[in-house]
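The structure appears right after this line, and notes come after that.
So that you can tell them apart, the chains are marked A, B, C and D in the order they are listed, and the count of residues begins at 1 in each.
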Amino acid sequence: MSQLAVLFTSVALVVIGLYAAIFVDNIIKKIIGISFIEEGANLFIVGIGYKSGGIVPILAPNMDVSWFTANASYPLPYGLVLTSIVIGASTLAVMLALVMVLYRRYGTLSTKVMLADTSKQEEYDE
Amino acid sequence: MKLYDQIFNVVKTFKKLFSPGPVTNADVSGSITSEIFLIVSLLMSALLLRHLSILLTGLVLLILAVVLITNIPLIPKFKIEQEDSLEKMLFYAIVTLGIIVAFMYWGGNFV
Amino acid sequence: MLEIILMIIIVVSAILALIQKDLLNAAILTGFSGGALAVLFQILLAPDVALTQAIVGAAIVPVFIALTVKKTQRSDD
Amino acid sequence: MNELIPLMVIVPMIAALLLSAFSKFDKVIKVLAFVVAFCLPIIPLVSNYGLHYFGGYQPVLEPITNMTYHPAITYSFNFMQQIFIAIIGLLTFLVIFIYLTKYKKVSGPYLFLVFMGTAAVTALILTDDIFNMFVFFEILALAQVGIVAASSIDYSYEMALKYMILGSIGSPIMLLGIGFLLALTGSVNITDIVLAIRSGIVNFKSPVFLISLGLIFFGWLYASGLPPFHTIKSGIYSKAEPHGAALLQSFTVISMISIVLILFRVYSVLPIFEVLIVLFSVLAMILGVSLALTQTDFRRMIGFLAVGELGFIGLGIGLGTQFSITAGLFQALNEIVITALLFIGFGAIVNATNEVDTRKLGGLLAYHPKVSIMLLIGGLAMAGVPPLSGFQSKLMLVQASLSCGYPELSILAIMVSIATFVVFVKTFYSMFLRPKPHDLDVVTKDVPRAMIFAMAVLLIIVIAFGLFPDVVTNGISQYVGGMIH
């Protein structure tokens, strides 16, 4: 039950993020939305390792090993998520830094203006 | 003669879109090549459907050929959709993601 | 029960963050969502992930966004 | 000397960190960057083949199911990895050499990005661990963004931000796919995953497995710049400095083949996998070349041509036989060298004229005969003219698709080659052969010696691979044979 709820929440976060990526015009909000995709993926991976009614996967000295392996949740995904959270934060920081630089040039946060088509081939006459 | 006139008109509209100025030899050959290449290669890749069903291939080929040839200055239309703005790129990326996931979920086992 | 409430907080504050007119509010709501996610990680038996997420999601990311908002503009138009 | 395997990643990474730490001292970083860059192609050549387990955790035999598990992050090093890492190391050396001779004052952060990117692609191609692949994929994306943003070309920041936003959609989606795969198999080691699928523990007809393919495949599309990401990929090539673009395209090619080989090992049990790859490769070929025909900015034109050439690699891998995958990998190797040659050569022209519009150029043959001859040979190699290396790999691809029973694919491949030839000849004519326009002032100073040197080295490789393809293809073919069975 709980695992299914986690799955739904993570899918909801991913969908919110994808919606923001297409339909929100403000670049900062778009970046916030995109960070929700990352959070959704992280939540999903943590949900994989979760075992309902289990214990935290830390082996204390007085624990029986076979009881521990039967009851502890699966720790591998947690290690992955740690890395992924930090990567997500650094990506976000780089994006925001680029936004600050570009704001100085354009004076607006609208994606339509800031990140418009730049491949227009200039007029040329012989 | 009629086909040549048509192609010449294509080149003129093409030039108008990107760069005003007299039409030169290199421009004509370049844009004719790109038009013909696009049509032929799309038709050729549609031929790959014959591994699924031959009837479908014939139908798709006919429709595709008619649609492509009647819309003949294709590259300008094509290029407007392939520009550099973030909106278009994001839109196509997410549409592709949707198509891939939906197709995999419902049709992945039937190929 | 607590996890259901936390999930609702996460999703609702995510949606609210995207419809704010004031970008500073959006940054704060992002912090809400990240903090609730950290507590949820703790409930899902991942204390180490929860610690990292609490620092990154509830403190660093909102501060970054708020700094950007301060350097650019506050209202969304 | 198996201990050298992790060093291939560690040496450029440590060099990157030192360079950014000592960026105040100009002399020191110049010497350090040169020495490390010189070592990069040598390390893989003197290293022995084998596996490396990080932390020394050997594989364990599970007594109940009688299967081996890999608890450590594993790097596997073989002939295929050796040749690709050597080529990427050589290219990094040439790029660093050009950069160091071009600027009086070098920037530590830029060198940091270059070395970090090299370390990331090296790790991507060595790793046998799907999460390790994801981490280095992200580091690579950040390094690429940095290299683009560091150039002083107009709109480079915009292009970098666009690439980053698209990337931060592509990579979480890929992470989700890895999550689905992890949920199904409980492991991130690819050998273990493949074993679990082959031995029937995992039902490969289940929708979860299919969805994980779809999600990781989307991430792969972003990494390799196939449609719908072909516009952004060609865009970042055109907004980077020419030597940076030469490096960026090699990063793209290597991340493409390393991820697709992992995907091939895991998902080749599904027939739809090969359909997907062939479909997107054909699209990339058609779109890349037909858009390249309409460009007037020649940097953008080579960018689109590079995307079109990526389709050939995908085609070879999508056909799925030993011969075709060998052909695809050989094509990847050739594309790295040839496209780098073209980027550096056209960069020399930008250096001399400050002009990127082909309509405003002309008559440069008289000014830069060496560059133009080398560019001509490079372009012919890309179009597949014998006896150059592009010809050998494209011939192999055409033969492979014929023997698989898809003659239409081989006709398509030949047509794309011809169109590539047309694009190149058209540009070459308008830049070098036709009379010089009056308003074009060519700076009479020479093209930097380092660029000529780099082009000559790459040209020698192109001709050598064209004359003796067996040196490479035999080894790759053995590797592919071991991977398929």
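Just so it is clear, a residue touches a chain if its C-beta (ideal position, glycine included) is under 8 Å from a C-beta of that chain, and two chains touch if they have at least 3 such contacts.
All values reported here derive from a predicted model rather than from experimental measurement.
Colleague: In terms of C-beta pairs in contact, which of A-B and A-C ranks higher?
Modeller: More contacting C-beta pairs are found at A-C.
Colleague: Cα centroid separation between chain C and chain D, in whole Å?
Modeller: The separation of the two C-alpha centroids amounts to 37 Å.
Colleague: Using Cα averages as centroids, what's the distance between chain A and chain C in whole Å?
Modeller: Here the centre of chain C sits 12 Å away from the centre of chain A.
Colleague: Approximately how many whole Å separate the CA-defined centres of chain B and chain D?
Modeller: Distance between chain centres: 27 Å.
Colleague: Can you list the chain B residues in contact with two or more other chains?
Modeller: 18-19, 83-84, 86, 90, 94, 97
Colleague: So which stretches of chain C touch two or more other chains?
Modeller: Chain C, residues with two or more chain partners: not present.
Colleague: Could you list which residues of chain A touch at least two other chains?
Modeller: 18, 21, 31, 35, 42, 88, 92, 99, 115, 118-119, 121, 124
Colleague: Strictly by the criterion at the top, what is the full list of touching chain pairs?
Modeller: A-B, A-C, A-D, B-D
Colleague: What residues on chain C touch chain A, complex-wise?
Modeller: Touching chain A from chain C are residues 3-4, 7, 10-11, 14-15, 17-18, 23, 26-27, 30, 33-34, 37, 40-41, 44-49, 52-53, 56-57, 60-61, 64-65, 67-69, 71-73, 76.
Colleague: Can you tell me which positions in chain D touch chain B when the two form their complex?
Modeller: Residues 159, 162, 165-166, 169-170, 173, 205, 207, 210-211, 213-215, 217-218, 221-222, 227-232, 235, 270-272, 275-276, 278, 282, 285-287, 289-291, 293-294, 296, 359, 406, 408-409, 411-412, 415-416, 419, 422, 426, 429-430.
Colleague: So in the complex, which bits of chain D are touching chain A?
Modeller: 131, 134-135, 138, 141-142, 145, 149, 154-155, 157-162, 164-165, 167-169, 172-173, 175-176, 178-179, 182-183, 186-188, 235, 296-297, 300, 357, 359-360
Colleague: Which of the residues in chain A come into contact with chain C in the complex?
Modeller: 2, 5-6, 8-9, 12-13, 16, 20, 24, 26, 28-29, 31-33, 35-36, 39, 42-43, 46-47, 49-51, 54-57, 73, 78, 81-82, 85-86, 88-89, 92-93, 96, 99-100, 103, 109
Colleague: Quick one: in the complex, what on chain B touches chain D?
Modeller: Against chain D, the touching part of chain B is residues 18-19, 26, 29-31, 33-34, 37-38, 40-42, 44-45, 47-48, 75, 78-79, 82-84, 86, 89-90, 92-97, 100-101, 103-105, 107-109, 111.
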